[in-house]
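Shared between the two complexes below is subunit A, which pairs with subunit B and subunit C, respectively.
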Partner chain A sequence: MTASMTPDTTDIYSGGFADPAVASAHGFRAAMDVMARPGTWRSLTGARAPAGLSEAAATLLLTLCDPETGVYLAQDVDSAALRGWLTFHTGAPLVPATEADFAVGGWDALMPLDQFRIGCSQYPDRSATLVVELPERRAPNATLTGPGIKDSARLYLPDSAALQRNAMLYPLGVDLFFTSGADVAALPRSTQITQGG
Partner chain B sequence: MTQEISPHRRKGWMSLLASADAARLETLFARLDAPPAHEWLRVPETGGVMVRGRTGGTGAPFNLGEMTVTRCTLKIAGGTVGHGYVQGRNKRQAELAAKLDAMLQTDAAEQVEERILSPLRTERAARKDARAAKAAATKVDFFTMVRGED
Partner chain C sequence: MSEYNFAYLDEQTKRMIRRAILKGLAIPGYQVPFASREMPMPYGWGTGGVQVSAAALTPDDTLKVIDQGADDTTNAVSIRKFFERTAGVATTEETERASIIQTRHRIPEAALREDQILVYQVPIPEPLRFLEPRETETRKMHSLEEYGLMHVKLYEDISQHGQIATSYAYPVKVEGRYVMDPSPIPKFDNPKLEMAAIQLFGAGREQRIYAVPPYTKVVSLDFEDYPFEATKADHACDLCAAADSYLDEVIMDDAGGRMFVCSDTDYCRSRRAAGHVGRLGSEAPLSTGPEAA
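Then we have the complex of A and B:
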């Protein structure tokens, strides 16, 4: 690879897991935990992406992506450096939103929600997982109930109405991770959402 | 610090380092004046790759078979990044290959070329010739005598 093909080579190659096996096991445990307990925040660290992506989102990508998962980078995070970084560390192909297994970006940049795959009744798992970047952890504005939640949990959601529609598609629909700095939370399609509360 | 290098040249030395004998590479590496320190970007990892070929170099691609490859990426002092892809599971060889790849992109290139690449190149050519000569010795020429046909 010649220098002209890559924008800033150091950015692309650095920031991977120091100990890939251990770090991805930790990353996977965090991802599984937050998905199993919707509304719970957990810290997730280990990877550093080029500018524009939080540490939690970067770690999530390195943990979950491989050459067989298509990744969609929304406009607000998409950059040549990030594309190079993702390709070097995971080998994941970059695909349009409609074909994505994983989609990364801010909420507004990822919309509309119905452009992502929701699976089909034979294979509900063939759906997209969204990694939604939140600039900050805001005060909760929605109440969550459902599997994995003892009574109810509270979480800030960027657009409760759209996510309620997503939950109504169950067992189809998309699953979401919310990342902010070094923290991650999740909202699987099985969770029922009540606005405010 | 990284000067423009033609992909063709780089391909040449990557190939040479990938197929070099690990012990020989280690011996040659010891002849370098001051091998730089490095920092890992991707620690050596071993995996399988599917080798594909094209008949005559132009036909439809076909899978030739899987082979074991060890790869790593590192950054040497000065910031130059080097990649090492070698056949087999020798992690040290991958490390040396990556380090030499990085050095070949810096001012140390001449020294590496002279003390490591050219001996390796000569040896590889000699191996190839010896094998070709051995094969040539077994060549049988068929010819037909004039048959007594009317």
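Then we have the complex of A and C:
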């Protein structure tokens, strides 16, 4: 870490889980629930990152990341404070997008989608999980069908065409969480997307 | 309680298992490798299911554990006690009241809800293993979607026995892609694999986790002229008279006496409590109710 990246130490040590085992158990249940039911939103709280990252995204990172997972911070969320916070609380190494297990940022900053690992045919699980920050929960613009969805579900997607291409790679592809404030939703690669609807 | 981390496993192990579960849900039916830990019980006693349950439990959960449908067998009792001690969670024998159900070789008779999770203990997760012993080959077969060998196996069943003789661990195709072992549940339970609850599968010795999200398409493999058939003993339960539940056959004496009883003990108990009486049954004594308050 270069001198200019020295974090503001007043921020980075706070905001972790008050009771790690219980908070991460609740965090995981919300994450599992939305991944198993694409298009549904759940509340996800417990962690506070330095300014620039939502509570849901911060909680997701503390729940799932550790020294075994490479994390990529897109330019719009990347800051010395966030790097310091993530390192202190999870020990996760910061890596380039192409090597990331988890990638965090706004949609535009994360693009292009095809720079992330999509797994290989024998190990499709070796793929990136994107945590996409949405500034607000907007009205749904896409219809979802597939595993986890009873008939159909509706969700706002930042770019349906790019995500349709991701779904066409199935069983390869990336999986996505959408975070907004204290809420989380998910879109696994298995979901079929119809624009509008 | 305080001697253990919540739910026994350390946090880094739980995170590793949780990441595997999320990838499993994103790729229904695909077996995700995971670094299975040694548990304080032998392989074959549900170490995979226990690790998945430990990673999924929160202190607010109510846990039910069944072994072949029964809440009161050694395996079920010991796992229930294990989580009472290490996670301090509430436990129940009532399917309806449980938020997480760990199961060995059965799906409860009562339809599960969206807010419930079913965790299966899996001995051999690879459906192709007895046809192809090499992991390198079966992994290739899954990646190429090459499942002809499984159909040959079912065909040989028909040519030798006149019907598909596979009666448990009956292979299914998940969402039109992966062939999956539903664990050794009777094929009677296969139609229930399309359910509202989240289904998680853990194989401890074989170090695999896989999952089926709610409402996922799960099709039992068959042929047009030999369609899949969910079978059970052609009797009604001798205790509760249920004609629609999976039955255990119990030998009563040396003279060939036998009875058939529901394998799902909670289903049978609740039916008897509701006044149903089978051929050999009597009014249910109230003392056999669930132990948990």
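In this text, the second predicted complex is superposed on the first by the 191 of 197 C-alpha atoms of A that agree within 3 Å, B and C clash if a C-alpha of one lies under 4 Å from a C-alpha of the other, contacts with A are read in each partner's own complex, and residues count from 1 in each chain.
Heads up, the rule we're going with is that contacts are C-beta pairs under 8 Å (C-beta built on N, C-alpha and C of every residue); 3 or more make two chains touch, one makes a residue touch a chain.
Keep in mind the model is a prediction, meaning the values are calculated, not measured.
Once chain A of one complex is fitted onto chain A of the other, the partner contacts of A:Y170 are limited to subunit C, with no touch recorded for subunit B.
In the superposition on chain A, A:G16 contacts subunit B only, with no contact to subunit C.
In the superposition on chain A, A:M32 makes contact with subunit C only, not with subunit B. When both complexes are overlaid on chain A, the residue A:S24 reaches subunit C alone and has no touch with subunit B. Of the two partner chains placed by the overlay, neither subunit B nor subunit C lies in contact with A:G105.
In the superposition on chain A, no contact is made by A:P50 with either subunit B or subunit C. After overlaying the two complexes on the shared chain, residue contacts for A:G70 are found with neither subunit B nor subunit C. Within the superposed three-chain arrangement, the count of touched residues of subunit A is higher for C, of the candidates subunit B and subunit C.
Subunit A residues in contact with subunit B (one complex) as well as with subunit C (other complex) are 20. Contact residues on subunit A toward subunit B in their complex (touch as defined above): 1-4, 9-10, 13-14, 16, 18-20, 88-89.
Interface residues of subunit C, counted against subunit A in their complex, comprise 5-7, 11-12, 14-16, 18-28, 30, 32-33, 55-59, 139-140, 142-144, 175, 177-178, 196, 198, 211-217. By the touch criterion stated above, subunit A contacts subunit C in their complex at residues 20-22, 24-26, 28-29, 31-33, 35-37, 63-66, 68-69, 101, 121-125, 127, 129, 146-150, 170-171, 175, 188-190.
Put simply, subunit B touches subunit A in their complex at residues 2, 4-7, 40-43, 45, 73, 75, 79, 81.
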